[in-house]
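Chain IDs A, B, C, D and E follow the sequence of writing; residue 1 opens each chain.
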Amino acid sequence: MVPISYYLVLSAILFSIGVAAFLIKRNIITVFMSIELMLNAVNLTFVAFAHYFHQVSGQIFVFFVMVVAAAEAAVGLAIIIAVFRTRNTLNVDQVDLMKL
Amino acid sequence: MLIGHILTLTIFVPTAGAIVVALLPRKGRIVQWWTLLVSIVTFALTLHFPAHFAYGQTGFQFVENCSWIANPAIRYHLGLDGLSMWLIVLTGFLSVVGVLASWSAIETRTKEFYFFFLLQQTAMIGIFAALDIFLYYCFWELSLIPMAILIAIFGRERGPRTALKFFLYTFIPSALFLVAILWLYAKTGTFDYVTMRQFLIANSALFTPNALFWAALAFLVAFAVKVPVFPLHGWLGDTISDAPTAMAMVVAGKLGLYSILRFNLGLFPAQAREFAPWMIALAVIGILYGACIALVQTDIKRLIAYAILSALSFCTLGIFCFSLSGLDGAVYQFINEGVSGAALLALAGFLYERYETYDMQRYGGLAARLPVLATLFVITCMSLIGLPLFNGFVGEFLILSGSFASHHGWVIAATVGVILAAAYMLCMIQRIFYGPESAMVAERPVARFSAREHILLWPMAVLMLAMGVLSPFWIRAIDQGVAGLADSATHTISYLEKR
Amino acid sequence: MHLVLFFIFGGLCVAGALNLLFQRHPINSALSLIVVMSSLAVLYLLLGAEFLAAAQVIVYSGAIMVLFTFVIMLLNAGREERTHGSKAAYAIGIPGAAALFAALAYIFISNGSRMGMTTPGRSLITTTDLSRVLFRDLLLPFEVTSVLILVAILGAVALARREH
Amino acid sequence: MNSSLHLWLIPLIPFAGFLANGLAGRKLPKALVSAIALIATAIPFTQVAWLWFNFHAAPAPYFEHLGTWIQTGAFRAGFDLQLDQLSLVMLLVVTGVGFLIHIYSVGYMAHEEGYWRFFAYLNLFMFFMLTLVLAENFLLMFVGWEGVGLASYLLIGFYYLKNSAANAGKKAFIVNRIGDFGFLIAMFLLVARFGTLSFSGVFAVVAQHPEWQGGFLTAIALFLVLGATGKSAQIPLYIWLPDAMEGPTPVSALIHAATMVTAGVYMIARTHVIFNRSPLALSVVAIIGVATACFAATIGIVQTDIKRVLAYSTISQLGYMFLACGVASYASGMFHLVTHAFFKALLFLAAGSVIHALGGEQDMRVMGGLRRKLPVTFWTMTAAVFAISGLPPFAGFFSKDEILYQTFLAPNGGKVLWIVGLITAFLTSFYMFRLWYLTFFGESRYRNRSLPEHGAAVHASSTSTLVLEAEPEPHAHSHDTHESPWIMLFPLAILGILSLIGGWIGIPAALGGNNEIARFLDPVFGSSGTLQGSNQLALTLAAVSTLVALAGWLLAHLFYFARPALPARVSSQLRGVYTLLVNKYWIDEIYGALVVTPLLLVSRYVLKALIDAGLIDGATYGSAYAARGVGAIVQRVQSGNIRSYAGWLAVGAAVLLIFTYFGFTAHFH
Amino acid sequence: MNTVPQILRILPEVILTVVGVLIMLIEPVMPGRVSRKSLGWFAVVGLILALGASLYQYQLPAGTAFFGTVQTDAFSVFFHVLICGISLVCLLIALDATSAQTEGMGEFYALAIFGTVGMLFMTCAVELLLVFIGLEISSISTYILAGFRKRSAKGPESALKYFLLGSFATAFFLYGIALTFGATGSTRIGVISGTLASSATPMLAIAGLALIIIGIGFKVSAAPFQVWTPDVYEGAPSPVVALMSTAPKAAAFAVLLRILFGAFPVLHSHWVPVLWWLAVLSMFIGNLGALRQKNLKRMLAYSSIAHAGYLLVAFTALSPDGIAAASFYAVSYAAMNVGIFAVVSHAGGFDDRLGLIEDFGGLAYRSPLLGGSMAIFLISLIGIPFTGGFFGKFYVFTAAIHAGFIWLAILGLINSGIAAYYYLRVLATLYTRPGESSPVGHIPRATTPLLFALLLTVAATLILGIVPGRILAKANAAAHTYPAVSGNTRATTETAQR
């Protein structure tokens, strides 16, 4: 009895918070987390629509997103480590060697 | 015996030559000799056209027409008429001249120089021969690159800067020019000059005059920059003074003026007549403006640059008065300009080779040291200021007399330019050759006039005289080439019509 | 009933997300993210995707977030300091995010009516249906995913390995 | 009259001479060079003489078409030659005097560097001058017209290492160009109106339309006059001629006295058909003529450089010819042209011989007493002086008298013109005798080369030898004055005789002659030109002008022979006038201030600096800078900070989403 | 289903996957000191095979496989060939640029290969899920490759920037797919278009479309999503830049074409204006940004933004001509850009010894081969006739004008004028007299792989410029796999304005 649109709006809220977090957080890892948050928001949308259409593929999609998220996490964290090695910082604002 | 594909041959012999140049070793004068050979062959090939030109018949000759790209329909369409024929011959001639003029001026990086030099020849011949507007545009753009690179490499002081200036000045307008071409293609469905012209004439109703106006303007601006016409000449001074002699010879004039005649008058006769008042005004301003600035220049090459601006503005004037003799004169005049201007630049170059400066104030009394050079210099100047029996006079006279009937005031103003021309040319001659010997001339021993220089310049001097005396030989073809572009009414208002 | 649950857990999501936003220490952010994910799992249940809910808890809250915390510990990242490297992020970005939210919300609400309601309990999608689609219709993507994972492994190795 | 007269030979043989000397002369021995030059002028002279006897009677002009020069559409101009009485007379003068001066030059230039160059140029001049004379259409005439300008440019600048010479040449050419501008415009008008430039064609059309009076014909005529004033050194374009004296003296004699400068008169005479239709133009010509005559004469009386005196007298005499044309009495104009050619050439050559003798001195104040030292020069010079002063029975008398007579009879304002002419005659005889006395009488004031303050006016040839460093001219430092070699005296003698008898071809009826020359030219001008008054009047006027001439002589005698102190006192009395005259009314300065300087200033500061460098280059580089400026702004976005980037992404995303969703497509649909 | 064995539909992908796996397996067993070049050559062989396979796919009748998730048609094969070619040349460049003792080259080659697989799937997928996964594969591998200069601080930084912003954009892309799915209930291109055609204006789909465009816009670095490009290009090794400035972009453009013309043709009135603005913005930002650049790679990064703009111009044409133009432009851009990076990476080595433009002063004299070919690529980038760059621009703008977008064409060509300025500056630099201490002195001799690379790219650039007929025909064929959009945008107000 919950309007689908509620779920959608909720996902929108989460997504936007994710975006905001990406903009505001300084710690690279946290920034990365905010991306995960955005992905989760998307997942919610998928599931909502899957329910609406009574469709499996929507849910399957979520699976794949999870897999992708996992992969990205692995790679992303590796990258973060590499950066930390060269820069010795996790602050995004200090990773701006290249500019203009 | 008409060789098949003679035009293609003429266009691409220089390219082939250039490729060989790239492979030649860097020692001795091998490259020079090879390039000389190539350019002589090219010249010989161009001479084929006047030899086999069928005067009676109208339309294009030596035509080659095959499909280049199926969709969009681009054709490899070449052909000559009276208008373009002599220009191609001139190009061939100037390529030989160019090699000889650069012979000892270019000592380093000869491979680069002659490679791009030959490429330039291809581009220019292609421009005159192309009858498919797309093909034409290709050659038109191609001609920029060798020029720019050569200026960048061999420019006197600010080479690269000048190259940039020159390139952008020409390239940006020709971008709009391309838009106009594409627009025309979208409307007419063809790039072929002949077809498009027929189409435009046949159903001009399809077009709003406004649209055609802008298209024609895009064409005109692109060409006017190349001529150059008065306010668009910003590149000329630097380019002429920085470019190596052989390039300065061909950088201005004929390309732009030919294009104006071929495309603006050919495709958009009505619009051309709309522009005429402005163009005439600009031309006259250009004549006087160029002359006045030349009057106060102290750098030989810059003086020549503005002299060229002034002289070419005469052509613009002649073109936009649409009288037959005006058009003939214009074409004849820019051929003359090609010859005499080239000779003058070559002479200036020889001076530079000897004294490493273009600053007139450091010269003086040179006539005693280099009498032959002085003589040739004077002859060339006389041809440029339009002394009768020299080529320049015929052109100027035809232009002015042809335009006079329709534009008294402007022509009278333009004729003042003739006086100024004498003034700045004689000032230059005096500063360089007359008066007491300057310190520089006195202390620096220089080479006598070499055989190569004789071989280069005397034929040009003779040519100036010949073109001044036997003009019908050339004008015959030109006349038939431009006849279609002139106003039908002859420029002479006979006394009967007056009554 | 459903509505209440939705609001509870939806609220929890938002709260967790906001907490992620406002916590200064990465660990706290990570934990709040776990909260978000777990409550999302509940919402999945409400939408009748049990399997997904499980996967959500296991894969996300479990595997991925553990990885995160692990890295945080590894690099013992402290409280993030408030550097001001970027004006644009605030001046441009935050309004951008707000506008984004506004636009999306507007779109969803304005089209929400056509969406209708959730129908709880109806037609639980069984694992069978899932596997049928997953291993038949979407066989190729499934296989290709292996390449993706390979790449991830390779990359992690290539990047994280110390130079000698 | 036989089929072909081969007129084309007349100009082309000198041209051949020019080519031969010009291309090879440097290497040829002087003897050969002079031989070539002389032959190249002698042949045309003989041919012309032959023509004179064969063609004399023929009523109709004779044409020769050598081919097309320019042809487009309806317009055609060819290398067409024409021989009629007018051109025949002119030919005789040009070839005859020209030949004599060539001979003279052989001696005069004997020691000059660039001997071959000199004769090449002279032949070139002959070629162009003869083309000018023989031309059957305006265009071909213009060839000669500009060509002689070129030749004179080269010859004036013969001592090109001397700045003054080079400047003079340049000035001459440019001023002439101003005249040519008029000629060109006139031709454009003709082309526009008649569609042809051939004399016969144009004149025929004009003849068909007696109703054409003034109007565009006046315009054409006036532009032609502008041309003529340039070539014939009339007000306002006379300024180049005095400077032209920088050239070697034979050049001054040939080009700047006898032949080239008369081209203007010839041209007006040639186109009299047009002028006759335009009283306005005619009176303009007359006024210009008489004004110039008087004006130049006044300057002439205070000049101290012998050649400059002659230069101003040339201008003045040309004024007479203009006056003649102005009163539509072309015949008398031509008559004076002929006689003037004789005595003025003679004057210059004699002066040259004097200068030659004095090793290059041109300042009359340091001459004097040369009567005995240079007898031949003296006597020939005397003939010339008498001739130009218009003392019977010398040549000048008849021609000048004829002109004054015709002027007197001329309808509108003739009397005024006549009086001015008369005054001029007085001045003429005054300054000529002044020259005569100063040069040949009194005791020799000739000590060293030049007065201190006259360091500038050093004789051309000697300076040139200083600069050109061949072997120094032998008599440049050997100061003993002696008579010139025979080769220079022979032409003097001939011309002397001619200045005596030359005028007898035009003895007016009143004096028992029958104006041969006028009669001879009638086929060309028609008898309309020459007015006839009563013999009584003619005699009176003749007497008057003779008396005036004598008065001039007496005054000169008083000033420069009887009471040598007088001039100084008078000049100190009339300080103002004197300064004015000595400085030639500051005309050069005025032109400089009004035309040349402003032109240069505007060009340098307004056009070159402001517009070209400022606006046009400014616009070019300005736009470049603008583009780079925007580029800088774009780069500012690239702060390197990930969060800023994300910010841009976010806002971009938002905008794009909104844009797409709410579809701001009005602009497109 | 047609009779073609399904495996053939994905033959190139399979081949490359196998090769990649093999490299992975061989690499660890190789002793540490041994150079990994052999692996590189192996990868090259694999790519050649894949190229052959792609060309072979031209023989196959168009059709789908694996339950309609992939589709081989003239379009996908065209891009298969293109991408395989690009990767091939890029690997050659890498072989040339890396020394024997460069670290971890085994992984490098494997990642490049796998990345190529991902791109190939992007081009042939008709199921958005597969598109997404392909995209992720290619992205992740390029993230890592970008960070391969581990010693210098720049490498990881560029990797990080690319990774964070990339995933950020991916989230948008994914959201877009989600909304599309929400609007149509499917993620199959064909189904989507069908549903949209039938339904009334589906607002959700429009929103989804917008978000998808954002995601792709990021990948092709179209303004305003271009911000990452210069930094990443500067930090990444030149061979990698050569790859990622062309291949993933080509794939992404393919996806965009596939989605716009395959899935959303009915919404063209919504996406045409958007692309119009994206194109204009990209051209201006790219070119103006490049004007002041001193660092060559950054300059090329900006120029790549601009070129993305030119390419987007073609999309507005809404006609097969447009698609063909876009495809052709992708090819010509790839040829010249890969070529120029070949020169740059050879001159600068794997880790950029020559960063600034003036470092290249006199290159043409130091090595006429390098200088000459670089000159050709620059001329092509300017868009001078008889080079691929010119024809690319020409077709693109012809298409735009046919669609009536005169102003777009004018702006675009003015931009090519601006662009000429900075390309020409480099060109002039190549030919200025080198100073005594100019770094070009230390440039090593050209190696065999480099020669191959240059040969291929130069030949491609010139062939595309002089006899583009065949390739253009292929591009047209590719274009005609889509039904021409009912282009009622032809008569736009623009033409009315004129």
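Assume contacts are C-beta pairs under 8 Å (C-beta built on N, C-alpha and C of every residue); 3 or more make two chains touch, one makes a residue touch a chain.
Keep in mind that this is a model prediction, so the values were computed, not measured.
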item: If a chain touches subunit B and subunit D alike, it appears here; value: E
item: Chain closest to the middle, measuring from C-alpha centroids that were averaged per chain; value: B
item: Chain pair with the most C-beta contacts; value: A-C
item: Averaged-CA centre spacing for the pair subunit C and subunit B, given as whole angstrom; value: 70
item: Centroid distance [mean C-alpha coordinates] between subunit E and subunit C, Å; value: 31
item: Subunit B and subunit E: spacing of chain centres that average the CA atoms, whole Å; value: 43
item: Separation of subunit D from subunit E, taking each centre as the mean of its C-alpha atoms, in whole Å; value: 78
item: Subunit D, residues touching no fewer than two other chains; value: 635, 637-644, 646-648, 650-653, 655, 657, 661
item: Contacts with 2+ other chains: residues of subunit C; value: 85-86, 89-90, 93-94, 96-97, 100, 103-104, 107, 111, 137-138, 141, 145, 148, 151-152, 155, 159
item: Of all residues in subunit E, the ones touching two or more other chains; value: 129, 133, 136, 140, 143-144, 147, 150, 156, 159-161, 164, 168, 203, 207, 230-231, 421
item: Chain-chain contacts as defined at top; value: A-C, A-D, A-E, B-D, B-E, C-D, C-E, D-E
item: Residue ranges of subunit D touching subunit A (in the complex, touch as defined); value: 635, 638-643, 646-647, 650
item: Residue ranges of subunit E touching subunit A (in the complex, touch as defined); value: 129, 132-133, 136, 140, 143-144, 147, 150, 152-161, 163-164, 167-168, 171, 174-175, 177-179, 181-182, 185-187, 230-231, 234-235, 298
item: Of all residues in subunit C, those that touch subunit E in their complex; value: 103-104, 107, 110-111, 136-141, 144-145, 147-148, 150-152, 154-155, 157-159, 161, 163
item: Footprint of subunit D on subunit B - complex, ascending; value: 165, 169, 231, 233-234, 237, 289, 292-293, 295-297, 324-325, 328-329, 365, 367-368, 371, 382, 387-389, 394, 397-398, 400-402, 404-405, 411-412, 415-416, 418-419, 422-423, 426-427, 430, 433-437, 469, 471-472, 475, 479, 486, 490-495, 498
item: Subunit C to subunit A touching residues, read off their complex; value: 1-3, 6, 10, 13-14, 17-18, 20-21, 26, 29-30, 33, 36-37, 40, 43-44, 46-49, 51-52, 55-56, 59-60, 63-64, 67-68, 71-72, 74-75, 77, 80-86, 89-90, 93-94, 96-98, 100-101, 104-105, 108-109, 111-113, 115-118, 120, 122-123, 125, 129-130, 132-134, 137-138, 141, 145, 148-149, 151-153, 155-156, 159-160
